[in-house]
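Listed after this line are the structures, all set down as structure tokens.
Look for subunit A in each of the two complexes below; its partner is subunit B in the first and subunit C in the second.
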Partner chain A sequence: MAIVRRLAPSLGLTLGGLVLGAAASLALSSGTLGAATTSTPRCTTAGLSVIQNLSGSTVISVTVGNIPAACGGAVLQAALNNGTTNATGSVTVAAGGGSATVVLGTAPARQLADEVDLVFVGP
Partner chain B sequence: MSRAARLRWATVAIFAAAIGASLSHASTASISLASQNFTPYRTCTLAATPATTTSIVDTTVKQASATSNFGAATTNSVSSGASANQRIYVRFDLAACSPAIPSTATVRLATLRLYMTAVPAACRTLDLFRVTATWTESAITWNTQPFGTTINNPASGSRSDSLTVGTPAGCVNLVAGYVVGADVTTDVAAFVAGSASNFGWMIRDDTEGSATVRTATFSAKELASIGQLPELVVTYVTVP
Partner chain C sequence: MDLPVTHVGPTVTDTTTPTRRLERLRPGRRLVAAVIAGVLTFSVVYGLAASLSLTSDSLGAATTTVAACQAATLNATYTSTYSATSPGYTVGTVTVTGLAATCYSKPYKITLSGAASASLGESTGTTPASGTSFSAAFAPAVSAASVTAVNLVISG
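Now for the complex of A and B:
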């Protein structure tokens, strides 16, 4: 049994290898595997213009401009935070890019400083 | 188990380990990472509200009232005229952004937005200059302004950007509303990185001293009109 005990690490390595093999068959949507990382592709590095559209004193939508054609078909998600309220929305960018208006689910009040996070998912 | 049997098992186990490692490496090497595009941006929009905020300051200096301060006025103007030139000074404190813009951020676009209420009858070019010395909203006058009293100074060539306003066709900003075209990306990037101090911008007519007075008027923060607030919009990324 001493030999078996000595071989146990090897068997463990074998099983570990099989596990890794199984994991490798998964459909990976992340750019990270184990300790390795890779850059996630982006559809643009352009300077996007962002304009908040008001209704009275609240922000009802956000218009994003200068969107290049490479982002056409992507889903543009926007989240506005005015320090006290969050509002989100999304829209599919038209083919060819241009501009896209994201209607927010709620209408936060206009404040001195508003943060808008934007993410293009895809295309 | 006999010694021979143990050795056979050992051989099988070592073989299996080798195959397992081989499979593992082969499988890892064959993984194809096909992530879809994921493109994040962050924006800080500073808007001059409430009217009492000190994070955003704006005023006009007037050559014809060289010792007067107009920091409390509800409008700002850029004007060109013989001894009647007017300039706007405006500053946005980026520290008001929440979350703070990291000093390592890459500024993709920074746009100054002013709401024009009176459009000149002639197409005029307005120049934006980064101010390099301190000033205060409640004290600055034509005579004490950082750029001095010499008209057409600083030279147009040192401007950060320019835009055209006026009713004639061909002008970019023809009607009342937020003007477009004031790109201050380079300046804001320098403020964020700490390579330049943020004293805001001065806006003047590209050709001061016009024989016919030409004036573009803008809403000041003191007007407290929520839809006409002076704004600075900064779009940036934290990972280029």
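Now for the complex of A and C:
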């Protein structure tokens, strides 16, 4: 008992110190945070053939060939720019790829040099 | 008046207790002993006062988990439009599908990136309070040929 009486003050100080240590912790909560990155794949990097289909002196459609099967189901958009005006159209590529013809919304006059832009979107 | 007394004779070992010895001192010497004891005591107190002074800045720490608002996969689709000024096809809208209710009404940011992960354009907004998809517009539109990745963050 004498030992307990002697140690009691020290014990009290120790416990007090522990309580003080606990009071130093912070309350913390967090909102949600989610992030992700994914690559935007290409269904093909191969060369495609492009043929302008004429009706008289105007371009009415564009036929794209050598489309791989990986592009099957994608929407093929094509734009023809003759330097003065442009026309666009789109078509869904058949499963298995192959070729697809995009009918243009308007028929630009053919020129010695036209620019044709293509994009596959999806699936 | 007390006269000083000189002890003459053989040396005798004193075996009495300190208290007894103090009682045997004359009153004047007791006073001197008390003064000496007081000086010693206050010297100890003075020694304690020489200890260092220490203060502390606050320090608090805690850890919590940062979770995503949903585990299900989101899917990004693109709306491309021909631009004669580019010229070529550009992406003006990215539509994200697969949104879960746990991600409703939260801030989002979508970044389209290209070579070397460089940002090509960003779109920010708040996810809808219903439905499973939302669309983010990019102004100016981003060259479709340059896009190699899409990055999405939803927080809140």
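Everything that follows uses one rule, which is that the second predicted complex is superposed on the first by the 84 of 123 C-alpha atoms of A that agree within 3 Å, B and C clash if a C-alpha of one lies under 4 Å from a C-alpha of the other, contacts with A are read in each partner's own complex, and residues count from 1 in each chain.
Throughout what follows, a contact is a pair of C-beta atoms (placed from the backbone, for glycine too) under 8 Å apart; a residue touches a chain by one contact, two chains touch by 3 or more.
None of the values given here were measured: they were computed from a predicted structure.
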Original post:
Looking at the overlay, what does A:A74 touch: subunit B (first), subunit C (second), both, or neither?
Top reply: first
**OP:** Look at A:T40 in the shared chain and tell me whether it touches subunit B only, subunit C only, both, or neither; answer first, second, both or neither.
**Re:** both
Original post:
Looking at subunit A, which partner touches more of its residues: subunit C or subunit B?
Top reply: B
**OP:** Check whether A:D117 is in contact with subunit B, with subunit C, with both or with neither, and answer first, second, both or neither.
**Re:** both
Subject >> Touched partner set for A:T88, first subunit B, second subunit C, both or neither >> reply: second
Subject >> Partner chain in contact with A:V50 - subunit B first, subunit C second, else both or neither >> reply: first
Subject >> subunit A positions touched by subunit B in one structure and by subunit C in the second >> reply: 24-25, 28-31, 33, 38, 40, 115, 117-119, 121-122
**OP:** Mind listing the subunit C positions that touch subunit A in their complex?
**Re:** 58-70, 74, 76-80, 82, 84, 87-89, 102-103, 106, 113, 144-145, 147-156
Original post:
In their complex, what parts of subunit A are in touch with subunit B?
Top reply: 3-4, 7, 10-11, 13-18, 20-21, 24-25, 28-31, 33, 38, 40-52, 54, 56-57, 66, 71, 74, 83, 110-123
Original post:
Which part of subunit B faces subunit A closely enough to touch in the complex?
Top reply: 6-7, 9-10, 13-14, 16-17, 19-24, 27-28, 30-31, 33-50, 53, 55-56, 96-99, 108-109, 111, 185, 226-227, 229, 233, 235, 237, 240
Subject >> Of all residues in subunit A, those that touch subunit C in their complex >> reply: 24-40, 77, 79, 81, 86, 88, 115, 117-119, 121-122
